[in-house]
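What follows are several structures.
In the two assemblies presented below, chain A is common to both, partnered first by chain B and then by chain C.
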Partner chain A sequence: MKKYIFILIYLLMLLPNAKAEQTSAYYLTSSNPAVESVSGSGRNLTATIDTDTGLLSSALSPSFTILTNSPQTYTLTMSATNTTSGGTTNAIFAIGTTRYIVLTNNTVLPNTASVNNITSGSPTALNNPNAIAYQVNNPTTTTGLTATYNTTNKNWLLTLNRAGATNTSLVVPAAIPLTNTFSSMDEAGDYKATVTLSFN
Partner chain B sequence: MNKNLVITALSLVAIMSIGTMQPSKAATTASQIVTATLGTTKAVQTNGGTISSTIDDSGNLVTALSPSFLIITNTAASQAMTLQATANTTTGNVNAFSGNGTTNYITLTNSTILPTAASVTNAQSASPVVTSNPNVITYQITNPTNSTGVITYTWNSTNSLWNIALTNKGNLAQTYTIPTGAAKSGTYSGDDEAGSYQATITLSFT
Partner chain C sequence: MKYFYITIFILLTFFISPTYADTTSNHTFIFDVSNSVTINVTGNMTSSIDTETGNMTTPLNINFNIVSNATLSNVQLKALVTDSTSNLDNAIYANDVTSATSIPLSVVLANTTYTPTVNAIDNCETVTSTVANNPNAVAYTGTVTVDNSGTLSYSTSNGYINANLNTGTSNINLALTTSAKSGTYDTTNYSDEIGDYKVEVYLDNIP
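Coming up: the complex of A and B.
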């Protein structure tokens, strides 16, 4: 009998824990967050410049992959900058409806005035050393992706209305430079611009 | 104990989830750098000027000769060039420049009736003898002009040419002048037959 009393007491001591185990619940909640990302996706990023004519040996085509998981409307900005001795400047400008991108010599940096001489729209070769402008196409589009040039900010507004992966490129065709932006004033070196795509 | 383990595990999962979600947030911007490489260039082009004249009965050059060149380079660092001249003889081309660096000459030879090389040598000497330099006429040439920080000419007396130190980036026009006037004494005479008297001036990167 005494033995059974001890067993009963022992079971009573266990009871609260047993009840707790039965009534406690862990609700595991997993939310699927909105995905919005953009990444560089290669293509051709290098070329050579003909020393006599300034002709680009091949098109430059920095490309990006936009990834979203929602068909809602997203806006993004595609822009480009170059480097001068005075810092970073906008590399995109337009003359009429034609867009251009200014590449600057990263070996011998030009001054900002050199880039400004080009982006003014009336370049003079002597006044834009170490900066060369090439025509650039509008960003490539596809169903659910549009691109509009912003004349004020000198960049493109991209509007995305589709989910999944969407590719876009900014193509600089293999062509001669904008007149009066290439000359013997442009020293040997690597002429560069940085193209950026970002969600707004 | 089990409960604590579960809580700990869930906390770790939550922390790890937060950690893995951060990069996708950061990737709302991507950049790519495009690069076009330009090499060095150096070239010389003819650039007009007066390259023909006439010689009158006294041997005077009627109009100045002024051949012009365009030097093209995208290098600012000093580069070596030479300015040379040749004249044709029966035995081939000979140096057409002569002088001492202060007073310098260019010798023109008759391309219709070629002179001998000896005839040129005589005309370029300090005391030319007209009967010893038929079909050769020598004229003074204006020394090229130096421009500080741009181009410097140094007469090379050994090779009778100008050595050039070019320190100019871009396009640079250079004109060399053979003024109107009399021929070098003792180089023009009736022994010089009718014809075109020529020399070739060459500007080149070394």
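Coming up: the complex of A and C.
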């Protein structure tokens, strides 16, 4: 009897196998590289200076849009420079916890000593012609973006922890200048500073 | 007396007609030859994305070369992506369900590092996709074709391509263009994050 059972099993094994199969899995892959870009996004970049008081007619607020496609941590530096007869100098300085930005006359360039007189923290009007300092806020922040002032380099370290588009601005309020930086020594012309934001 | 009977028996034995062996013999062997299907796969399966446009730098394609000794029906070309809950979702989207030798379609590729939600994948598989609603999923347009007088049809309910193939050599070819489907790659806010975008492709229901 056992012999017949074995024969039956053997015959069943000979029957065609009807099970459907599938091929191996293949993968179509396209790599999306990192995106790191900063673009200026305008806002208010010009104002006029009251010739009596030095008051800015409106706040200045150069703005930037940071674009990334990764939530990893990025660091960026926001800095500002101005132009003197001796070249480009750092426009940012602090007195205590208050930050200032020095605008220089681009029609009649000041010498470097004029800017240094202001950034020393104890300006004297006669010694800083064609350079004027205004108080400046820390860069604006948002969720995923922080800004820390670097007292050594006199700029800001921005730390970004979010993907997508993130905006930040450096606001110079519509206010009078730092005492002893605006005087009749400051000649007519365009007073400028250049604000830069870049990935480290 | 004993010898008499023995002699009779021997004589009778000699009188019996001799049996001659046949010079030919017929034997019928029956072999049950089962379906034989051989598949070779080739293609360009890697590319990269231009972040300015979302288009790929080179087109992706995969070709299934199928050699069969019988007609094959309902062979299924499937494409799947992994969503944020680790489920596999259909990645093929086509409007045309008519049986044909060529079907235009879109195929979704999903970020393998920052996996998209199923809603993001589904948004890529709509007539009008919007980048805000499909982060980390990008679709590319293309076609799937078959030769050897085979036919293809798109199953909307199952999300895959059905193929009917004839005996002989057939090719099922899925070719994507470099163009991202409109509204699936975000060039403004870059919500499609860094990483590899991948789709799994295979043939199923092969006898």
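Note that the second predicted complex is superposed on the first by the 170 of 200 C-alpha atoms of A that agree within 3 Å, B and C clash if a C-alpha of one lies under 4 Å from a C-alpha of the other, contacts with A are read in each partner's own complex, and residues count from 1 in each chain.
Just so we're on the same page, contacts are C-beta pairs under 8 Å (C-beta built on N, C-alpha and C of every residue); 3 or more make two chains touch, one makes a residue touch a chain.
Please read these numbers as outputs of a predicted model, since none were measured by experiment.
Q: A:48 contacts which: chain B (first), chain C (second), both, neither?
A: A:48: touches chain B, not chain C.
Q: State whether A:62 touches chain B only (first), chain C only (second), both chains, or neither.
A: The first partner, chain B, only.
Q: Which holds for A:35: it touches chain B only (first), chain C only (second), both, or neither?
A: A:35 contacts both chain B and chain C.
Q: Classify the contacts of A:164 with the two partner chains as first (chain B alone), second (chain C alone), both, or neither.
A: After superposing on A, A:164 lies in contact with chain C but is clear of chain B.
Q: Output check: A:199 vs chain B and chain C. Expected answer is one of first, second, both, neither. What do you get?
A: A:199 sits against chain B, while chain C stays out of touch.
Q: Check the residue A:70 against both partner chains and state whether it touches chain B (first), chain C (second), both, or neither.
A: Only chain C is touched by A:70; chain B is not.
Q: So in the superposed three-chain picture, is A:175 touching just chain B, just chain C, both, or none of them (first/second/both/neither)?
A: Neither partner.
Q: Does chain C touch more residues of chain A than chain B does, or is it the other way round?
A: B
Q: Find the residues of chain A that appear in the contact set with chain B and again in the contact set with chain C.
A: Of chain A, residues 24, 26, 28, 33, 35 contact chain B in one complex and chain C in the other.
Q: Can you check the complex and tell me which residues of chain B touch chain A?
A: 3, 6, 10, 21, 24, 27-41, 43, 72-76, 169-171
Q: Taking the touch rule as given, give the residues of chain A at its contact with chain C in the complex, in rising order.
A: Residues in contact with chain C: 16-18, 20-35, 67-71, 163-165.
Q: List the residues on chain C that touch chain A in their complex, please.
A: Within the complex, chain C contacts chain A at residues 32, 34, 39, 41, 43, 45-49, 51, 56, 60, 62, 64, 107, 109, 111, 114, 138, 140, 176, 188-207.
Q: State the interface residues of chain A toward chain B in the complex, per the touch definition above.
A: Going through chain A, the ones touching chain B are 24, 26, 28, 33, 35-40, 45-49, 51-52, 56, 60, 62-64, 103, 105, 126, 129, 132, 172, 183-199.
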